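Letters are used for the chains, namely A, B and C, taken in the order the chains are written, and counting of residues starts over at 1 for each.
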Amino acid sequence: MNVQANHSLAELAERFDLRCHGDADTRITGVGTLAGAGAHQLSFLSNSKYAAQLADTHAGAVIVREENLAACSVPALVARDPYVAYAKIAALFEHIPTAPAGIHPSAVVAPSARVSASASIGPCCVIESDAVIEDGAVLGPHCIIGEGCVVGAQSRLVARVTLVIRVTLGKRVLVHPGVVIGSDGFGLAFDTDHWIKLPQLGGVRIGDDCEIGANTTIDRGALDDTVLEEDVRLDNQIQIAHNVHVGAHTAMAGCAAVAGSAKIGRYCMIGGNAGVLGHLEVADRVTITAKSLVTHSIREAGEYSSGTPLQDNRAWRKSAARFKHLDEYARRLSALEKDSNDE
Amino acid sequence: MNVQANHSLAELAERFDLRCHGDADTRITGVGTLAGAGAHQLSFLSNSKYAAQLADTHAGAVIVREENLAACSVPALVARDPYVAYAKIAALFEHIPTAPAGIHPSAVVAPSARVSASASIGPCCVIESDAVIEDGAVLGPHCIIGEGCVVGAQSRLVARVTLVIRVTLGKRVLVHPGVVIGSDGFGLAFDTDHWIKLPQLGGVRIGDDCEIGANTTIDRGALDDTVLEEDVRLDNQIQIAHNVHVGAHTAMAGCAAVAGSAKIGRYCMIGGNAGVLGHLEVADRVTITAKSLVTHSIREAGEYSSGTPLQDNRAWRKSAARFKHLDEYARRLSALEKDSNDE
Amino acid sequence: MNVQANHSLAELAERFDLRCHGDADTRITGVGTLAGAGAHQLSFLSNSKYAAQLADTHAGAVIVREENLAACSVPALVARDPYVAYAKIAALFEHIPTAPAGIHPSAVVAPSARVSASASIGPCCVIESDAVIEDGAVLGPHCIIGEGCVVGAQSRLVARVTLVIRVTLGKRVLVHPGVVIGSDGFGLAFDTDHWIKLPQLGGVRIGDDCEIGANTTIDRGALDDTVLEEDVRLDNQIQIAHNVHVGAHTAMAGCAAVAGSAKIGRYCMIGGNAGVLGHLEVADRVTITAKSLVTHSIREAGEYSSGTPLQDNRAWRKSAARFKHLDEYARRLSALEKDSNDE
């Protein structure tokens, strides 16, 4: 928490264009859950299912929809979307360690690199030739910015981020530790009895306002670039292969993977550990549920799934054994129907 | 191997409370498999299925159960659980590179950080403000300990471990390279046409005696903390999302993933690449087999699975095609039964 | 692109033993796709399905099979396998940042380590006691080479690679950022009510010409070594557990995982996010499709799969619900058949 932040409910209402209900002088110094928040903390109710918790909360104030205001025993901010309002307000109370402008003495910066005077370069960073770090960018400890890579203005590489080569990050991109962007795409040609590597001559372009989770990997393209449009949100340990194109505002949950040259639309939601095979196209506003595998292009918005439901292991073994014979069962069923009709 | 270690069978028997059978003066300088161990190496037989190998082993001695002693052609240590006894004894023969107390000159340590005089801080480590490194803790090369994080006594961060912020490790925690703990949870609110990030204001608490495998990621909580109780064992490349709670003594195999706010019980075994959806509860002593997806809360101990069995691709294609029509087949089956009963 | 490279078509034909068709003096300074290549770029047609693009290409020249030569409107190189020929030629145009021989002043090298004078050791590398870096090896920034590890001649560790202990890389091995090789295998014995760790006393041996993708993890063996034979190609975020043995020329796509002591044959292809359970054997020339789980040993070459096809979520829910009752359906089907036969 940012221990300095302290706002009255009235100030928050004005700043975020919300209606204040109850004591507008209530001081807010932090945020918390309905169950855990104290007298100077702000909470929120997004899902009406939990409206009963409003009666018991000890929060100093609560962000609610108009419809839940009656049930609210404490001062409130009324919002059309309490979750969005909460997200914006909570940011005031986040403590982000300071990152002073300038280059830490332990960093290794190539003479030809261009580092803005307002950028912050942390301990042990390595910035190679012709790299560009724009205004206000923050590189935490141990970042490696390869030859010619660009980190856009106000972007933040938390720590230990590697941009290999031909990588361009837009503005306000947030990259978490362990991320590798611009490593070789996995391109191989089979020559009689061994593999020949295909040089990966493309790059990676990451749009403004993207977020890339810890230990995620994004390979650079074989000839053209791998592309994430703006506001793409990737969770941890996601794998984006070479020449993938991800449309704006698409979000992927942890451990999702997209194979080479797949094209994912805008406003898609890819579930945890879901996969998309190579060279497919996925339309805008498609949701893929967790652990599903996309094996063909998807032309229409909607929700798609594969897999089987969880069962007790004994029951599952029976289902699984029968699965292997489904074709036979279907044929036998048809034969019976034919017999039945022939009678 | 620790080339210095050299113990007589009698010494090992006494130290680990085992019964010695045969020449108690046998010198043991290492450990090995039944097939590979030499005259001064100790081996073990845990699974009676392999008892036949006892006759041919060239091991200097073998740890066996009472029931396998008769088949044993070499000196032996008799144990109730030979695998556990082996694990304890083998630790004597492990060579762990020395880690001298003190701070490597290339490390960057904030003035406000508190580093025990008995801790070892390796090359290029970065320890940020108000972090605490307790007695006997070992940080291998390239560890980053973020602001205010705590590394408990005797914990060992092998190399290249990142604790981002608000992370507390208990005592004797072992963390392997590439691990990221305390990165931002994946919290987003959708505001009309773009994403708003939810600040992640919680932390991570890791209990005593936990082990965290290479390149595993554990996010910090949104408001409350992400928690691993004591003796939790995580293999490589596991993803633990924000606000997950993992009960004591639970073990997870490689590439498992647990989504946000899920609560896993004690003594659970989560198989490789298995997944648990968010906000679910899994009871104590639940086993999830590899690659299964937990889609609902599990209230009873037991083994659970999802997925289909491996088949030859031609056969699998037929099964898979039929799977899509299962509902229709079930209806046709019911119709036939009705016809049959009506006759 | 390597901006210096400039070759006539005749030179390329001679060097790679291809037949030149059309203007042999055509200058080639780069490579590109059929759709994107310009007047001095070389493209290729590997899949005859795209032969129609030959008519419209603006490429300076194209690599084609004999059978596609007639459709080709520009100068050409004729190859038996255009993709392989392209891979070899494209390498001429790849720009790899220079890595000067010698040790960067920020690197930390133990006195007992042996580093070839022709090797290049980048910024912030840590090379521990008794490690060996052979001739022409390149270690990019932030590599950690643990005690006694060996990096073979001409191998290239792009950046931020960790070799923990007892790891030997062959010649010309290419390792991408974030890779961890030689971390502890996941070996645990359950002692009444808590876990005991099994020391991991083996190592890892990686054969010549292997490639290891970003953030991949390869654990060292419990007693014997984990082994990759020569020319094994691993994509990103792959998990190789302790004592796995991977045969020569096997390739694995992103996020594949192999559990402990599994033995994979030669010339296998393991699809993205596929898994192999522990202690299994997979024969030579086996293909596993993406996201499949190998649950039993495979004795014969061929293609194998598991999983269910992607469906619209509503349809999938019906299939999935029915899957749980497959055993019952099969019994009811048999009963109906029996009734039918009895009539």
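A few points about this structure:
Definition applied: a contact is a pair of C-beta atoms (placed from the backbone, for glycine too) under 8 Å apart; a residue touches a chain by one contact, two chains touch by 3 or more.
No experiment lies behind these values; they were computed from the predicted model shown.
Taken chain by chain, the contacts link every pair, so each chain touches all the others.
Rotation angle for the C-alpha superposition of chain A on chain B: 120 degrees, rounded in steps of 5. With centres set at the average Cα position, the gap from chain A to chain C is 26 Å.
Residue numbers of chain C whose C-beta contacts span two or more other chains: 106, 124, 142, 160, 178, 215, 237, 255, 273, 307-309, 311, 321, 323, 325-326, 329, 333, 336, 340. Residues 1, 30-33, 36, 81, 83-84, 86-88, 90-91, 93-94, 97, 104, 106, 122-124, 140-142, 158-160, 174, 176-178, 209, 211, 213-215, 231, 233, 235-237, 249, 251, 253-255, 272-273, 290-291, 307-313, 316-317, 320-321, 323-327, 329-330, 333, 336-337, 340 of chain A touch chain B in their complex.
Chain C contributes residues 106, 108, 124, 126, 128-129, 142, 144, 146-147, 160, 162, 164-165, 178, 180, 183-184, 186-191, 193-201, 215, 217, 219, 223-224, 237, 239, 241, 255, 257, 259, 273, 275, 277, 287, 289, 292-296, 298, 302-309, 311, 315, 318-319, 321-323, 325-326, 329, 332-333, 336, 339-340 to its touches with chain B in the complex.
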